[in-house]
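Each of the two complexes below includes chain A, the first together with chain B, the second together with chain C.
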Partner chain A sequence: MWRSFFEELGLNVVVSPNTNKAILDAGINASIDESCTSAKVYMGHVEWLIGKCDYIFVPRIAIYENGDATCTKFYGIYDIVRATFPQAKLIHINIDYEDGQTEWNAYKKLGDELGAKPAAVKQAYKNAAAALKNYELELQAAQHALLQSPKLKVLIVAHPYNIYDALIGEPIVRALESLNAAVLYADIPDIAHMCEKSKTISRTMYWRYNKHLTGSIVHYSDKIDGIIFMTTFPCGPDSLAIELIQRKVKDIPMTNLVIDSNFGEAGLHTRIESFIDILEAKKETSK
Partner chain B sequence: MQAYLGIDIGSISTKGVVIDADAQIIAHSYLWTEGDPIGAVKRVLAELKGQLPPAVDVVSVGTTGSARKLIGTVLGAQVVKNEITAHAVGTMSRVPDVRTILEIGGQDSKIILLNNGIVTDYAMNTICAAGTGSFLMSQAKRLGLAIDELGEMALKSQNPTRIAARCTVFAESDLVHKAQIGHKKEDIVAGICNAVVNNYLNNVGKGKKIAAPTVFQGGVSKNVGVVRAFSQVLGHEVYVDDFGHLMGCLGVAVLAKTKGNTKSFDFNIQEVSFVTKGKECEKCPNNCEIIYVYRNDDLLDSWGNRCERGVAS
Partner chain C sequence: MKHKISFPHMGKYSVPIKKLIEELVGDSGEVMLAPSITKKTIELGSKHSPEFVCIPFKYNLGNFIEALENGATVLFHTSGDCRMGFYNEVQEQILRDLGYEFEMCILETNSRNRSLRDFYGMFKRLNPRLTYARTIKAILLAVRIVFAMDKIERYVRQNIGFETQAGTLEEIENTFLRDVAKAKSIFTVGKLYKQAMRKLESVPLNKPQNALKIGVVGELYVLMEPFSNYFIEKELAKFGIEVTRFIDVSYLLFSPKHKIPYLVKESEGYATYDIGADGTDSVAKCVYFAKNGYDGIIHLKPFGCTPEVNSIPICQKISEDLGIPILYFSFDSQTSETGVKTRLEAFYDMIEMKRETVK
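Showing the complex of A and B:
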């Protein structure tokens, strides 16, 4: 969304490359050690961008409609980046519905700061939102088609910034695909719809992204063979949400993979391989 | 006679069995890996060969354990399987109706749940090795006991001491405290055994239903004090097999047998030289660690690269 917003306004967008060990190591050095691996990766990307562009875009995303909150890292990342890299020139949006900062207000302000005309900003925002919507619909259609696959269907319950990361999440997807499983992602179905569905598991969970993922479990529960939770260490919301789901959802095999910055792929393969063995055996016997 | 070989190469020990067509063990070996998996496997093969009657023809090979891929390549194994599936299959060949497998090793612990002969769920300890064999080892040392004395001593206790078991560091300080205020040594030892069990059930077995028949494996299963503590907490008998340490290699031998892809195995592999080399790729910032395996100087296989740039040439 932000990408097409900037491009609509005629700006050039520089995007940092896929995460590699050098970026992760830079991020670890720029972070306090209690920070989660995902936030460390983020810091590594910011450091990579310094000197390669005029401004670095670091959004602050805190609270959406109905008090749906993000995690504290999303609240704080703008300030963390600002304090860690005082030399970096930042631009940001601030999404906080409780403070009247809706998504549109945030982008309007950003467009203003970039010196664009109000009409152009409005058009850019509209087009960007539409581009995002189209992209989401494409992903949803592709995932829906995958449900017809005769392969074992595994739902990955993970934040998009983890599972689509080349270093953190991709090895898991590759391992699953090499074992001939069809991989579905819990972050793909429509967020508003899924947040609603998550209420059958918990009415009090207030993290928007975890509600989204939880709702997808309800949505897919009768269409998949197994669930893999994938989380980075130490993620507060995930540790609570996963524990809750594992206690409440009973009839689907599930396993939990916790990734940290000094992970070994060997243990990962053992866990994934034996999990797929379980799913295969279960499918065999239920025939 | 046709027979099947299974080898389990763990970080600490290497185990091997040869089974016949009825999945009965006809040769077995158990020794330390000592940081040299290929050397350990050669020693295991020599022991197995010495136990086998001359007419035996090993027609299929399976490997498991953390060095399964390396040894599978070296031996040309038909089956390379993760240790969870291997343990389940091996145990079921001995106790067909097993429902729960508890395993506590030197540094890791697992639980495997089965129903009607298939694995339905499993869990492994994650980042923490509290309550495993190495914890027992260090506490035995602190109390001036040999590790194999712990079990018998625990059985003497009438009134086990309660020891905080959540974390090894706290357990140790609690242990010292309990000794200083005057608890008897056998009560403390029994307390440690209970702590291992409670720690395991809270961390690995959390929320899982442990149904009978239950089989207990791994090095810690040799400790009768821990076995008794498990039986008491679970309220049913916990079965320990004399061959419990061989379940991984037994399982993978059984899998090799069912695979059916037969090819006569040559025990003279001991005389072949295998060399491995680890190298960082250096073709991008990921610096994947690539492993090359050579057989008499010919490259046999390589792995560890994330992308095509690291393919061995």
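Showing the complex of A and C:
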């Protein structure tokens, strides 16, 4: 969506490359040690971009329509980047419905700041939102088709910024696919719908992204063979959300992979392999 | 059957909370305080907690288990702006999985969701004879106690390092807390408060004109529960330092200065937005302390506390720009007390030397 918004306005977009060891190391050096691994990766990407473009886009996304919040890290990341890299020139949006900052408002301001005409900004926003929506629908259709697969179906419950990361999440997906499992992602089904479904597991959860993932577990509960939670150390919302889900969902085998900045791929592989073995054995016996 | 009500500890605040609940439930229940926090509390709490949850969760859970073991049937919990707001549902599930039977009630602290009607409804279920008038009276009484004890504690904190006879101030404070626990009306509280303040002010102090001044910022639970911060303020007092801390319950719940727009303004550009829970407060107060002639700042947080982890890079920038030293502590169940003391000592030596060279 962001890329398409800026390109619609006729700007050149530079996107940092897939995460690699160098980016992660730069991020670790630019962060305090207790910051979560995902935020460290983010800082690495920001540092990579410095000097390669005129402005770096660092959004602040805090509270959505219905009062659901993002993780606290998202609240502060703009100010953290400012404090850590005072030399970087930033542009940003602020989405905070509680403060009257709707998504459209945020993009309107951003467009103003970039000197674009209001009508052009509106069109760019519309097109960008539509592009995102289309992309989401495609993913949903593909995932829906996968449900028919005869393979073992494993649902990955992880934040998109973790599981689609080339360094942090992809090794897990590769390992699963090499073991001939069908991989489903909990962040793909429609978010509003899933947030509603999450209420059967938790009445009071207020993190939008975790509600999304939790709702997907309910959504897929009778269609999957196993669940893999994947989280980065020490993720605040996940620390509680996963605990609650594991205590409430009883009949699906699940495992929890916690990733930090110095993990070994071999150990990860062994754990995934034994988890798949368990799922296979269970499937055999239930036949 | 009478309800047996309990709640987790947080410093001395068990006095007003107990009072509030007692006034509201009347004869239909009794308040039994959870046993004081000990090493065993935190061991119990850690054992049944998720792996990398923050430390207040473990203390709360330990308190709950110990209270339930003593026969509690109703547990009170509170809400919060960070992941603390989700504590109660997870803790309730953990305790039920352990086989305890109880009822969980939430004292809503978030100004967004605070409503007198819900509050009244919750206590009405516990005590069918409750009236609105009585509810309001009980709230006023508890709030009055909180304000009085916070003011007294603030005075004690600033001056305890300079007593001529160690323990005098604290004893007056403790007497006040003991007496106020029996108070029946806000007028009695007011009278007791005035008495205590008079006594405190008449205690002889040996305070030099230019005593070292330190500000304390950070996450609210580890700031207000001395057990969880290894009684750090007492340690500081031994060095003869004047300690200032803004965060206490009256400040958090009622101060207009704790609102985000004010804090963002006070942070002078270091925070553009709310960075989560009390992180913004830490940033704003670091700027305040730096600009008001303080010699150093101590920042406390539980390990992994996201809002405070957010605030640290910004505080580091403030420290660099405005030249004020900041010492960061991160508490978990494995923190060593000796380590805390050594680091405090080194910090004290450092700010004292800094003072000398500036002269």
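A few notes on this one:
Heads up, the rule we're going with is that the second predicted complex is superposed on the first by the 287 of 287 C-alpha atoms of A that agree within 3 Å, B and C clash if a C-alpha of one lies under 4 Å from a C-alpha of the other, contacts with A are read in each partner's own complex, and residues count from 1 in each chain.
One rule holds in what follows: contacts are C-beta pairs under 8 Å (C-beta built on N, C-alpha and C of every residue); 3 or more make two chains touch, one makes a residue touch a chain.
These figures come from a predicted structure and were not determined experimentally.
Overlaying the two complexes via chain A leaves chain B and chain C side by side, clear of any clash.
In the superposed model, more residues of chain A are touched by C than by the other of chain B and chain C. Residue contacts after overlaying the shared chain place A:282 against chain B, while chain C stays out of touching range. Touch criterion met: A:171 reaches chain B, while chain C stays clear of it. Vertex at the C-alpha centre of chain A, arms toward the centres of chain B and chain C: the angle is 80 degrees, rounded to a multiple of 10. By the document's definition of touching, both partners, chain B and chain C, reach A:247.
When the shared chain is aligned, chain C comes close enough to touch A:84, but chain B does not.
When both complexes are overlaid on chain A, the residue A:140 reaches neither chain B nor chain C.
Of the two partner chains placed by superposition, A:180 touches none, neither chain B nor chain C.
By the document's definition of touching, of the two partners only chain C reaches A:35; chain B does not.
Superposition on the common chain places the nearest Cα atoms of chain B and chain C 5 Å from each other.
Shared interface residues of chain A (contacting chain B in one complex, chain C in the other): 233, 247, 258.
Interface of chain A with chain C (complex): residues 31-32, 34-36, 60, 62, 67, 71-73, 75-80, 82-84, 86, 94, 96, 98, 202-207, 233-237, 239-244, 247-248, 258.
Listing the residues of chain A that touch chain B in their complex gives 20-23, 167, 171, 233, 246-247, 253, 255, 258, 260, 266, 269-271, 273-275, 277-278, 281-282, 284-285. By the touch criterion stated above, chain C contacts chain A in their complex at residues 50-54, 57, 82-83, 85-90, 93-94, 97, 112, 270-277, 279, 283, 303-307, 309-314, 316-317, 330.
Touching chain A in their complex are the following residues of chain B: 66, 81-85, 116, 118-122, 124, 126-127, 207, 284-287, 306.
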